[in-house]
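We just call them A, B and C in the order they show up, numbering each chain from 1.
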Amino acid sequence: MSWFFKSKQVNLAILVASFLIGFVPYFLKIPQIYEFTVSLTNVASVVGQFTIVIAIYSQYRRSLKFIRERRKGWVYNIYLLALMSLMILMGFTLGEHHATYMWLVNSIVAPCSSVVYGILAFYMFSAGARAFRARSLKASLLIVGGITVLLYQAPLTGSFLPGISPYAVFLSQTVGMSLNRMFAIAIITGAIMLNVRMLTGRELAFLGFAREEES
Amino acid sequence: MATYDKRWAYLLLFILVLLPMLQPIGMPISVSELTKEYYAQLQTLEEGDIVLASWSTEYSGYMELKPGMIATHKYYIKNGIKLFICLGHPEGLALVDALLDKELASYMEKYDYTYGEDYIILGFALPNQAATLAMATDFQASVKVDWKGESIAGTFLDRIETGADIDMISDFTTGAGNPGLINHVVLTFGTPMIQNQIGVSLPGSFMNLDAGLITGLLASTRGGSELELLINEPGPGLIAMDAFTLGHYLLIIFIVIGNIGYFGWTKRLAEEMERTTIR
Amino acid sequence: MAELLFEIPGIESGRAVGLILILGIFALGIYYMRRGKLPYIRRVAAIDAIQEAVGRATEMGKPVLCSYGRGGFAYSVIAALSILGHVAKTCAETNTRLLVPTGGSHTGYLTRELAVDIVKGQYSVAGKPEMFNEDDMPFLSGEQYSFTAGYIGMLVRDRPGAVIMTGGHSSEAMNIAEMSNLVGALTITSGTYVSNMAALACASDYIMLMDEQPAAGAYLSRDPEQLASIQVIDIYKVLSLALMVVGLIILNVTGNNFIGRLLAS
């Protein structure tokens, strides 16, 4: 029986069927399969969330190895495991709406998340200050454009230099937007091409079928 | 060599951001056309209209979106707009406490804005496009309880069958947003959508705004502070604008100093090394 | 949005042209994949940079850190896996330790298995299977900033000589690029998250902009499917450009938004 589930053709058939169930109702008016599509997408959504179990297992395994081997920074792994265990225990026993669990989220998880994001500002600052050098004509033009947009984004500038607005808006919205559009076309076309490769059986690595090496 | 330890730059930036937050200077700010348009979209709503507030941000993004979120929700509360709040990220749980219980609690009390009557939290209801599609096509079948497991039957959500029954989507997002809302609600049912977006993701949102997929866009902390000004409810956004301005100006100063250093020392040093290289 | 030019009975309103365009990609993709003749792709400059980076790390006796992004099975991640395969091959040949942080999203574990197979395979092909250590490819977390924190931890502890960050990274890429700069690593990144590109260009030593990364992946792997993808993308870019130009001309000359209405149909 296992040959059936391991069969490349069966897996590919299921893939194609799932694709059609999702793809066809979006374009064609076939209300009969619409409900089935919604149920199938709900199932996919729930299954996807189970990867968190894998993440937890992997983190435990890795952290315990670090602690056993006393690798650099192993104390932080103890802290990580302790906090992870506490959150899991609290979440399952008390529920996510309990005051203690919410305190853990608001006092530890949320500020840590904010700090990692907030550091971005400093990194962007140092990267920008380091990278903007007028090495050539193009670099000089880039600096002029960059400073124009930076000035516009500072709220105070609008009150003493209102004339900068059309230039900055042109750079950030028109030029920036056109680049975004071209990138979006590339991304979307690439994503559809990946689907083509998967559906034609040429890219099945994600199903666990390694590509046959050409001799 | 004209270099500096970047930690001095970090310290200077930290001080210039911290001081105005503790002691606001009160620099004037101008309101951009983008924010005026966002506000105009808010004004199209009438009392009793139902808005889907999609909080698709983790706690880190909330820090940047906070002024816009507070100002927008204050508008909804003041004008009696019905809200159902869906989280697009597991960390959104912390936002319920941070935004509703801490920032807006007294405001909601002032306008008698109560849970169950005026707003409902559906929890982590928009984890991906699949869930959004399910909600948009058959709301009553896919959503039966709120985030605490209590039935939503008998509330204003009984009026919602599909995405067409939602009067507006108010998306607060950090990344590309929840594309499911655009794909399955805006494009399918024509539901208007406004978005509060973080600074780095704005270029992508401009594309959607230009295409008409979103009808209003609030740009990061600055947009939030401008909205606070427009609705006459000063808050954390306006407090942050002084720091915002000083931070930007400091970066410009460092770019100029860096270029002076480059032309004064580094370039000359490179030319000197080239001249003295043994060939 | 522009009003529709036409509607086809049986097809949802406003989706007919989208369906035709998608079917066009399907048709072109299958044609080019079956063609047999490999299309020409120029050598992207970043490929030389990757060689230089691995060489530098080998000389310094430091490991190479290479990541393929935090998304699931996405287009950019597949291309990044080709680059990972090339880096793994080079590291195996030069006896350099390779670190591959994985995770960052809930679907990241799916691609991790593929990445492990690729790296293990390359070490086996080089005749050094004992060099492969799965613990050098940890699944850090399914959450973005937890993954970032773990990644930065690896950078600070292991101090790699080269950091090659390709595939689907979003805002955490800036954190990682600047930190790798701070630890003295040669940083090669690819900008697939549009909003990040400007900041990454400042922070990295080399950057592959947008399609250069899939092109580099296709070039290195010589995979007919990946090469066909690049070709179809280029065709659609030219088509988009042509539609834009024609649409602008028609709009300005006749005042009729014909192309806009056609695409909205």
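By our rule, a contact is a pair of C-beta atoms (placed from the backbone, for glycine too) under 8 Å apart; a residue touches a chain by one contact, two chains touch by 3 or more.
Not measured: the values here are computed from a predicted model.
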{"item": "Chains touching both chain A and chain B, listed by label", "value": "C"}
{"item": "Between B-C and A-C, the pair with more C-beta contacts", "value": "A-C"}
{"item": "Most widely separated chain from chain A, with each centre as the mean of CA atoms", "value": "B"}
{"item": "Chain whose averaged C-alpha position falls nearest the assembly-wide average", "value": "A"}
{"item": "Interchain centroid distance [CA atoms averaged], chain A/chain B, Å", "value": "18"}
{"item": "Rounded Å distance between chain A and chain C, as computed from the means of their C-alpha atoms", "value": "13"}
{"item": "Computed distance of Cα centres, chain C from chain B, in Å", "value": "28"}
{"item": "Of all residues in chain B, the ones touching two or more other chains", "value": "58, 60, 202-204"}
{"item": "Residue numbers of chain A (touch at least two other chains)", "value": "48-49, 113, 116-117, 126, 128, 130, 132, 179-180, 184"}
{"item": "Where chain C touches two or more other chains, by residue", "value": "145, 171, 194, 199"}
{"item": "Chain B-facing residues of chain A, complex", "value": "34-35, 37-38, 41-42, 44-45, 48-49, 96-97, 102, 105-106, 109-110, 113-114, 116-118, 121-122, 125-126, 128-130, 132-135, 143, 146-147, 150-151, 153-159, 162, 172-173, 176-177, 179-181, 184"}
{"item": "Parts of chain A lying in touch with chain C, wherever the complex brings them together", "value": "26-29, 48-49, 51-52, 54-55, 58-59, 62, 65, 71-73, 76, 112-113, 116-117, 119-120, 123-124, 126-128, 130-132, 179-180, 182-187, 189-194, 196-197, 200, 202-203, 205-206, 208, 210"}
{"item": "Partner chain C, residues of chain B touching it in the complex", "value": "58, 60, 90, 174-175, 187, 200-204, 211-213"}
{"item": "Chain A-touching residues of chain C, taken from the complex the two chains share", "value": "10-12, 15-16, 18-19, 22, 25-26, 29-30, 33, 73-76, 78, 103, 106-111, 113-114, 117, 135, 138-142, 145, 148-149, 153, 157, 171, 174-175, 177-179, 181, 192, 194, 199, 201-203, 210-211, 214, 225, 228-229, 232-233, 236-237, 240"}
{"item": "Partner chain B, residues of chain C touching it in the complex", "value": "1, 14, 143-145, 170-171, 194-196, 199"}
